[in-house]
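Two complexes are shown next, each including subunit A; its partner changes from subunit B in the first to subunit C in the second.
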Partner chain A sequence: MLRNSFYRTFQRFSVVSPTRQPVLSNLKGGLPSFRTYASGGAAAAVKKVQPAAEPVKVPDDLALETHTDIQTAAKEQADQRQAATETTPLVSPTPSETTALNHAYQENTGFGTRPIYLDMQATTPTDPRVLDTMLKFFTGLYGNPHSNTHAYGWETNKSIEEARKYVADMINADPKEIIFTSGATESNNMVIKGVSRFYKKTKKHIITTRTEHKCVLEAARSMINEGFEVTFLGVDKHGLVDLKELEAAIRPDTCVVSIMSVNNEIGVVQPIKKIGQICKKHKVYFHTDAAQAYGKIKMDVNDMNIDLMSISSHKIYGPKGIGALYVRRRPRVRLEPLFSGGGQERGLRSGTLAPPMVAGFGEAARLMKKEFDNDQAHIKRLSNKLVKGLLAIDHTSLNGSPDHRYPGCINVSFAYVEGESLLMALRDIALSSGSACTSASLEPSYVLHALGKDDALAHSSIRFGIGRFSTEEEVDYVIKAISERVKFLRELSPLWEMVQEGIDLDSIEWSGH
Partner chain B sequence: MNGLIRTVFGVRGAAAGAARGAALLRPVRAVRLYHPKVIEHYTNPRNVGSMDKKLTNVGTGIVGAPACGDVIKLQIKVDDRTGIIEDVKFKTFGCGSAIASSSYMTELVQGMSLDDAAKIKNTQIARELSLPPVKLHCSMLAEDAIKAAIRDYKTKRTTTTVLR
Partner chain C sequence: MAATVPARAQVLSVYRQFIKNANQFTNYNFREYFLRRTRNTFKQNKTVEDPARLAALFGEARAELKVLKRQSVISQMYTFDKTVVEPLNKRSHG
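Right, the complex of A and B next:
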């Protein structure tokens, strides 16, 4: 097999080599422009593939050295590009693209009019240091990291292994245990589907909770169609899992327990260490969706007995479109890959890695570790201020546990005010009334439902996300704006009026619509 | 459904002279974006307030449910002799479209006779405010509210007449 493919490569080379001659002679004068190289090669290939290999006359004075003089080459390329742009007329952007933005809600008056960003659970802004790391992979370092036959592959591969180490360091894992994926959704799917499919002959049961992210719930639901049973654990009014209930739910044929570390809507931190101990005791794999937790709370896969962990890059100021899955090696966790292919990433996730993304993710993870204490102190300070300011308004309540929580995620219900109308009033602040995934539908949050909140309160809840780049001025502004506008909307609300009159809203028979 | 989307965005599309490709994208974005008229009514709601619902010439209609996310309270004050709506007040718990729908409804029925007011259809409100399909229930709710208010007024009238 190997010899065969080698032979084929050799053959291809021998056929192509005569066609290379004009190109190579062109090279003598310096680096050819991209266009000459491409078109010359293509034309020659069409013309000269047919004849049998004639003896090639290579001029003796042909300089064969590679172009190490990058500066000169780059300058020449730049000159050529310059010349090309001077001749081609500038095409103005099509008007249709500008009219799409012509809407009251999209500020197109210029810079500096964008809303305050307080939706850090949806995504975070990319750290400029992360972008700096990424850029070179778009220009110079374009090699395929899996090409181990040449320097282009080696250099990107080296960067990827560095990034892998940074990602692993944050959770005290071995770099070999990190599998890069397209994001936490893919990681979650890989675990729920992959692990259970691998053990399907003996195991038939999956445990998860009702407050998980949609991708875990949907993946688990799809496994029901493949003959699995799924237990969706309930949570108490603080959003925490009952450990006794969890232990009781574990059966001999339970394959994997999947419980998220930090909830994306209410910021509640589950007792991961205790859950890990229970899973270890019963010899069940423990998966945690740490998309919102990675780098934000202290996590240690060995100390917490975590077997699988989903990680997302764009929640930690990294680029979107990349994430990771931690898969324990000792004792080994086996899973069936979702993708078939070239067997990259220990065969678990085939497909060429995206070096710019991976390197950016690695840098973001490194920064999360380096700035952990700073970030924590900053976020905690702003969070305390915001919570205090918001709860000072009448009839507001914090959703989720007040003690076991990640301070950067605050979910507050403003009773008698509808969430969507409040968001509409707050168009100078980017917020969400739940997770970004469900904001398209008008359904109230299923997470708040699981906490036992009634529909009216679930409809009037808003999530505030604070991150590394949030400032104190922004928090002050938000507190002021929310207080004013909640007051305005309550003046408008018939429910508020009834409450002021002392009518119990639950006593009214509402006509549903 | 498709026809609705087209009518809803037809006005704006024609005014902007937008390309067809852009029009195809619109229905998806319609969920989040509000028409300027909705925003106008929402930021400056007309006729907000309450009237004493015990008065015989005031009809009150409360429709919707907090669990569904929309409650509209609409009150009309009617001239007993002419049957003309003298004054309208509303209060709404709900999304921007619900607030705008009820605000526009109060503008509409002011000075109308009860019979004319009962004939107002939700499509009229939806068209005026260019409501997207997902928000059509807001206009239906506004229609229900005025009908409930008229019904309330009429039942009050009958009872008072009997007493007289």
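Right, the complex of A and C next:
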């Protein structure tokens, strides 16, 4: 019986409407056959021009709706932080905060409720074209890419090699130099631990900077336990490393220098080419964490003398859970693999590859290259507008170098406002006060600390991330919302009152501290 | 198949289909992006004269159109609340 009704529905689907009109309105509750449209399109190209096929409209009762939950998560987070502050009394939230929030959050009646997404450094939305590439691996191409005895393996393997080429092309690398990993975190660990362990007989020193991502810092720290020495270079007030200091830090037993290309919190671009030259001159391996740079700024592993590069797919509109490590082949860079196993990926990363992820990552990389100019122009235009709008508010400042930065990452400090309360008051905009891994704690950003910002300013900073899918309308909304709410929160702040009265806050002697 | 040089009317027809399908996205950001990108791309390639290049671009566009058609359907099948910049009453598609 069940089968019967299924067949009937199926037959209705395959009816090709003679009029070439959208079939869907007649076939309530089902999808039209794609064939109708595909053949229509092909015919048009070969023979004569036909009226454009109408786009497909999916009936409402087919859609799976997912609603935004703006309450629960916020509540849970607040509870968590409450618990955290009880154990480690860092900053006590002012009691006025909760009431302030109620007022600061304006319901915009007549509009939707889903926040604007401006946290592109944490992750990016998956491009529909990437999803389109991935879907066939979930529906039919399920072969193990390492099976070389049958077609199922061959077809997925072919897709993987295509993807490898796209990933390599963006940075002028050879496809053989790309090792797929689970993401930039794994790639960074592979380098810091793998390269140093391989050369541990002769080399005992690692150089990195204070503003690296947590995974580099923690990996380097763990190598101290294995008997390595680590130099954490400081940065200037713009967030840039001092090249002279770097060169002076290199020793005969230095194994690897790891410096990120674009900082994830402040968007500062390091002088990678010059660092590459220094490393080449002293014959030490140069690794760069390019999770935030790959596809967003021009990178060329040969021109820049990069030996190892970490790449993440979900920062370039690809799927999460996949990334790559570029490992130079000439001259060859050796590293000890983290995983033992079947010896896939040149023996450096054992384990069956995930073809949907790899193919999606490849497509994302291909699109980054193809859309490079358009994306850059768009992001730059919106970024300029946003920076101008935000800096027009009194007592705001841009963190990080104004010249050497990736425009899609903007970090602004709003003096006399507590960043966390501003974020709470901005529930209609998805923002972060820094990297996603530290935003669960109340710790001020270590990156801003490294730039010499004091606690207060580090606490009052917010990061804005603009990407391919951001719109001008969103930027306008954000400028307006931030201006209003900063003003509102400042009016509640006694500090702000004193500033308005012209009292120099530095001259005040605070009691009880 | 991509080797045929498209007639002007064919290009226009593909352009129109791009716009229509982009408009079907329920996701605001994707909709706006594909509308913007379609307009930009066709404008950028307006002055292309070389027949081989024209044929290649047309072939590419038709392949991309198929992706857009599939993805606009998927965007309609998995829907989320409208964002705070989208008016509620205005139908996103139609």
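Basically, the second predicted complex is superposed on the first by the 396 of 513 C-alpha atoms of A that agree within 3 Å, B and C clash if a C-alpha of one lies under 4 Å from a C-alpha of the other, contacts with A are read in each partner's own complex, and residues count from 1 in each chain.
The rule we apply is simple: a contact is a pair of C-beta atoms (placed from the backbone, for glycine too) under 8 Å apart; a residue touches a chain by one contact, two chains touch by 3 or more.
Just so it is clear, the structure is predicted and the values come from calculations on it, not from any experiment.
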| item | value |
| --- | --- |
| Partner chain in contact with A:P444 - subunit B first, subunit C second, else both or neither | first |
| Which of subunit B and subunit C A:Q82 touches, first, second, both or neither | neither |
| Touched partner set for A:H459, first subunit B, second subunit C, both or neither | first |
| Which of subunit B and subunit C A:E418 touches, first, second, both or neither | first |
| Contacts of A:L492 with subunit B and subunit C, given as first, second, both or neither | first |
| First, second, both or neither for A:Y117, with subunit B first and subunit C second | second |
| Residue contacts with subunit A in the superposition, subunit B compared against subunit C | C |
| Touched partner set for A:E474, first subunit B, second subunit C, both or neither | second |
| Residues of subunit C touching subunit A in the complex | 1, 4, 6-7, 9-10, 13-14, 16-17, 20-21, 23-26, 28-30, 32-33, 36-37, 40, 62, 64-89, 93-94 |
| Complex contacts: residues of subunit A adjacent to subunit C | 31, 34, 37-38, 41-42, 44-46, 49-58, 62-68, 108, 110-117, 125, 128-129, 131-132, 371, 374, 378, 428-429, 468-471, 473-474, 477 |
| Contacting residues of subunit A [partner subunit B, same complex] | 94, 96, 99-100, 102-105, 416-418, 420-421, 424-425, 440, 442, 444, 454-456, 459, 491-497, 505, 510-513 |
| Subunit B residues touching subunit A - in the complex, by the definition given at the top | 16-19, 21-22, 25, 31-34, 36, 39, 42, 45, 48, 50, 62-73, 91-96, 98-99, 134, 137, 140-141, 144 |
